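Accompanying notes for the structure given below.
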Amino acid sequence: MLEHGVDIVLAGSIAVVAWRVLLEPQLFRSMVLFIAMGLMLSLAWVRLAAPDIALAEAAIGAGLTGILLIRAAQTEAAQEAAAAAREAATSGWRRWFPGAGRIVSAAAALAFAAVLLVAVIDLPGEPIGLTEAAATEMEASGVEHPVTSVLLNFRAYDTWLEVGVLLLAAMGVLAIHRTYNLRSTRSEEHTMLVLTWLARIILPLAVLIAGYLYWSGTHQPGGAFQAGAILAAALVLMQLAGFRGVSGLSTLWLGAGLMLSFAAFLAVGFIGTFEGEFLRYRHATGELIILALELTIVVSTAVTLAALFAGAGSQSGDDSDAVRARTPPESL
Amino acid sequence: MSSPFEWLIFLPFAGGVITFLLPGKSRPWLALLLTVGTFAAAWWLASDVWREGPQGYALGGWEAPLGINLYADGLSALLLLTTSAVMTLASFYSLGYFSREAEASSWTEARAFVPLWLFLLGSLNALFVSRDLFNLYVALELLTIAGVALVALAGGATALRAGMRYLLAAFLASLLYLMGVALLYGEFGVLDLALIAEAAEGGTRAPVIALAFVFLGLGIKAALFPFHAWLPHAHASAPAPVSAVLSALVVKAAFYVILRLWVDVFADSVTAPAAQAAGALGAAGILWGSFQALREQRLKLVVAHSTVAQVGYLFLLFPLLTGVGEGAWRFDAWAGGVYHMMSHAFAKGALFLAAGTILYAYGNDQISAMRGLTRTLPITTVSFGIAGIALVGLPPSGSFIAKWMLLTATIESAQWWWAVVIGAGTLLSGAYVYRLVSAAFTPDTLPESIRPVPRVMEYASLILALTSLGLGLRAAEPFDLLEVGAPFSMIVAGVGT
Amino acid sequence: MTPAEVIAAAFAVTGGIFYLAGTVGILRFPDVQSRLHAVTKADNLGLGFLAVGLAVLAGTAEVAAKLLFIWFLALAGSATACQLIANASVDDDVTEREQADA
Amino acid sequence: MVMSVFLYGLALFLILNLIAGLVRVLRGPTDADRMLAAQLFGTTGVGILLVLAEAQGLAALRDVALVFALLAALATVAFVRARRGPGSSEGEAGG
């Protein structure tokens, strides 16, 4: 009985908080509400008995998203954009119909929710899918956790390309900032003792916990992406505390860190073609290969996410390239 | 590595990794080599398909439903060939385009450009051989992120804003598609397209809402009117080779997924009213895009708006295929549509490259500034003219054949209103192409300073333009290839079942 | 209910009361510096009692150790965070006063 | 059975606490207040996760709590570090 109470309160508050996040005129308030929503979403995954996703949501939602949003919200550009949006919302025809935009978007969202509800109700009642097939073949995959065997063996190709998506995001951010060298980014002052203290405590523990999640991924919820996200958060904390985090890496090492996992999949795939098909590794070596690939995912995820953060913060660089990037050329 | 599938995936992605890690002036040359290699792999796959019929490949040795399977029939093979051909020529072009030694930025641009470029090629290949609903999602994501990054590479506020808009639109589209995929998985319990097609046969299990999500998401990515607003500025602000492949290939990739799902997988589930609606949006796109192209003052924006119009033609396929009986016109319509995809890919690639050359030489791309182009850049003028002919669909271009087949299908299936739309679109495109060509042929005092243009840039666009023309002269082989694994057979259609 | 469950429930309820106190504190106290106490003292104690209760309930040393570790992490994190917030709010106050003087 | 009801009741109570804390985010008045509320969410969230781990019998949820506890302070650190110049992050009063 009470568990339904938990679910109803949780679902209702997620909807309300999401609504406030969207409508909140003040940027910072909206961001803090968004962080709270991330926590609630993680709880929702818990209630859906999906600890793998709850872990990912915790590592990325609680750690990195919050940091990125708060930093972004406090830049002057963001404040100006928010002010301009507020201005636009109260000018022109909207002055005559205050709240018209809200009503329209609310109606659209409700209609969408209703359609989605109908679609979900229409689904066949009995659980179908590939769960059983995955369980039958799990022995041949080399690991004992079904999620890992799907991600790292049956559908390793998808995972590889997803690693590529992450990599491309980082490459894109670095390309936009016109540097593959994060050493030029502004580093924080080393003044806050408390922060140094925190970084000294958190860093080793983060490595420990990431290692634990990585290792446990072979037989229980956990895994490489979550471990990588935690390490990334630790790297960002280092940077914020004034240490050289990922921005201490040279161009070559940064590139190697970003590429490691994608290249490792590529190499494993290539070797697999001698045995049969691309990405084939189902025999005795399966577990070793999966562990090795997961380790590369940990490293690359950590470096990539941390580089996204460092790259996004590199706007204050003063080299001529960055200046050029901000000045629009006469025509395009 | 004994299968062309392996090379198609391996070559571009390995190239992306290597060119990102190893600095050196040879980078663009390596990219060129790899695009040529990819073309060879596509040719290999196409000849396998030609001789032995549709090809399959089980990644990791795991057969569907558990694993991911690749698949190629005539349609995939033709699109793979088109992709690597256009990208090879655009790579040639970029050798010249990024060699601006004088500007400090050229090095960073080229350095960022080559790996992203190869990743884009890899994701296009991955998409055209995929036979898995979720794998298609991943390939689309990869494609989108590479595309956005390449747009933003141009630098400057305009390009960044355009890239951001592109990203947001594509992101919304991805989420819609993914939601549809989740619902389809809930309905069918598998992700493999062939298995879903089996389960959906007869149309008794038609998850309408899921399909609506999927097609809406893909429609946004394919810039179907009225979801096209992100396209013109994104395509016009990018560096020239990027503009070319975005308009020629990336938009088509999303359309390819629609086509695959519509005719191969859910043929019995889609309804005639839905097909008419898709056709109507396509028609609106043709008219609106052409109209905007007529009003624009900047060359690249004209060409970009024209893409919105040309994508519209593709959506006219669906009313000609769905719910109008089993007549011979169905193969005509289908093959005409696919041929239009290819022909437009080459023509639009040529136009964007030529526009980039003008921008490169003149420093701006105002149409009014194009005067005297015949004297300053004669080869570019010629490629402009030829690509223009192909775009309008005059004989002997490939578009002419494509439009002819579409027109035949509209008449035979007694849907004359689509013929009116095709006619009006052709007239409008004739008008905007004429506007450009006449500007080029207007003699005028030459601008004071013209930056010398590397020859390779001019010839790359010329070859692309000639290819789009050649498609009209040698149509037999492509059509035969297209028939391998095709949902509508020419022979069956000929018998008139 | 077994005696262990009764003890566990008692600890957990105590933890809940501290959480409630924390919430009341952050809502009712007059300024940032006072509200800091809600987090640093009440909530952390709440989590501590809760962890002890759940450890008793789980009954294994392994889980108990993990719960204690989690509590320690939360303590370290919130202690630092609150110190940082306190610093920031003091800066704010100083600025306000300077602005008032000017 | 009794224990299960008790644990879910406790979880519900903690969630309501969390929701009540949202009021402070809306009211402010300074950004520091809002950040403080976020910190409170972290501690409460860890508590909820631990209770649910016991109630649902999913040991893996303790790992989720562990990750939250580890990373809870990060947003605050970013907040303090990103403040540029005094007064710039001053929120408007009321809410």
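Letters A, B, C and D mark the chains in the order given here, with residues in each chain numbered from 1 onward.
The definition used in the following text is that a contact is a pair of C-beta atoms (placed from the backbone, for glycine too) under 8 Å apart; a residue touches a chain by one contact, two chains touch by 3 or more.
As the structure is a computational prediction, the values presented were derived from the model and not from experiment.
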A-C or A-B - the one linked by more C-beta pairs in contact: A-B
Geometric centre distance via CA averages, chain B-chain A, whole Å: 30
Chain A and chain C, separation of their C-alpha mean positions in angstrom: 28
Chain B-chain C separation of Cα centroids, rounded to whole Å: 57
Euclidean distance of C-alpha centroids - chain A vs chain D, Å: 20
Residues of chain A engaged with two or more neighbouring chains: 192, 195, 198, 202, 205
Multi-chain contact sites of chain C, meaning residues that touch two or more partners: 73, 76-77, 80, 84, 87
Residues of chain B engaged with two or more neighbouring chains: none
Inter-chain touch pairs (all): A-B, A-C, A-D, C-D
Residues on chain A engaged by chain C in the complex (per definition of touch): 192, 194-195, 197-198, 201-202, 205
Chain C-facing residues of chain D, complex: 2-3, 6, 10, 13-14, 17, 20-21, 23-24, 30, 32-33, 35-37, 39-40, 42-44, 46-47, 50-51, 53-54, 59, 62, 65-66, 69-73, 76-77, 79-80, 83, 86-87, 90
Chain A residues within the chain B interface of the complex: 115-116, 118-120, 122-124, 128-130, 133-134, 137, 153-158, 161-162, 164-165, 168-169, 171-172, 174-176, 178-180, 252, 255-256, 258-259, 262-263, 266, 269-270, 272-273, 276-282, 320-321, 324-332
Interface residues, chain B side, partner chain A - complex: 1-3, 5-6, 9-10, 13-14, 17, 20-21, 57-62, 65-68, 104-105, 108, 111-112, 115-116, 119, 123, 126, 134-135, 138-139, 141-142, 145-146, 148-149, 152-160, 179, 183, 185-190, 207, 209-210, 236-237, 298, 300, 359, 363-366
Chain D to chain A touching residues, read off their complex: 5, 8-9, 11-12, 15-16, 18-19, 22, 25-26, 28, 31, 34-35, 37-38, 41-42, 45, 48-49, 52, 55-56, 58-61, 63-64, 66-68, 70-75, 77-84, 88-89, 91-92, 95
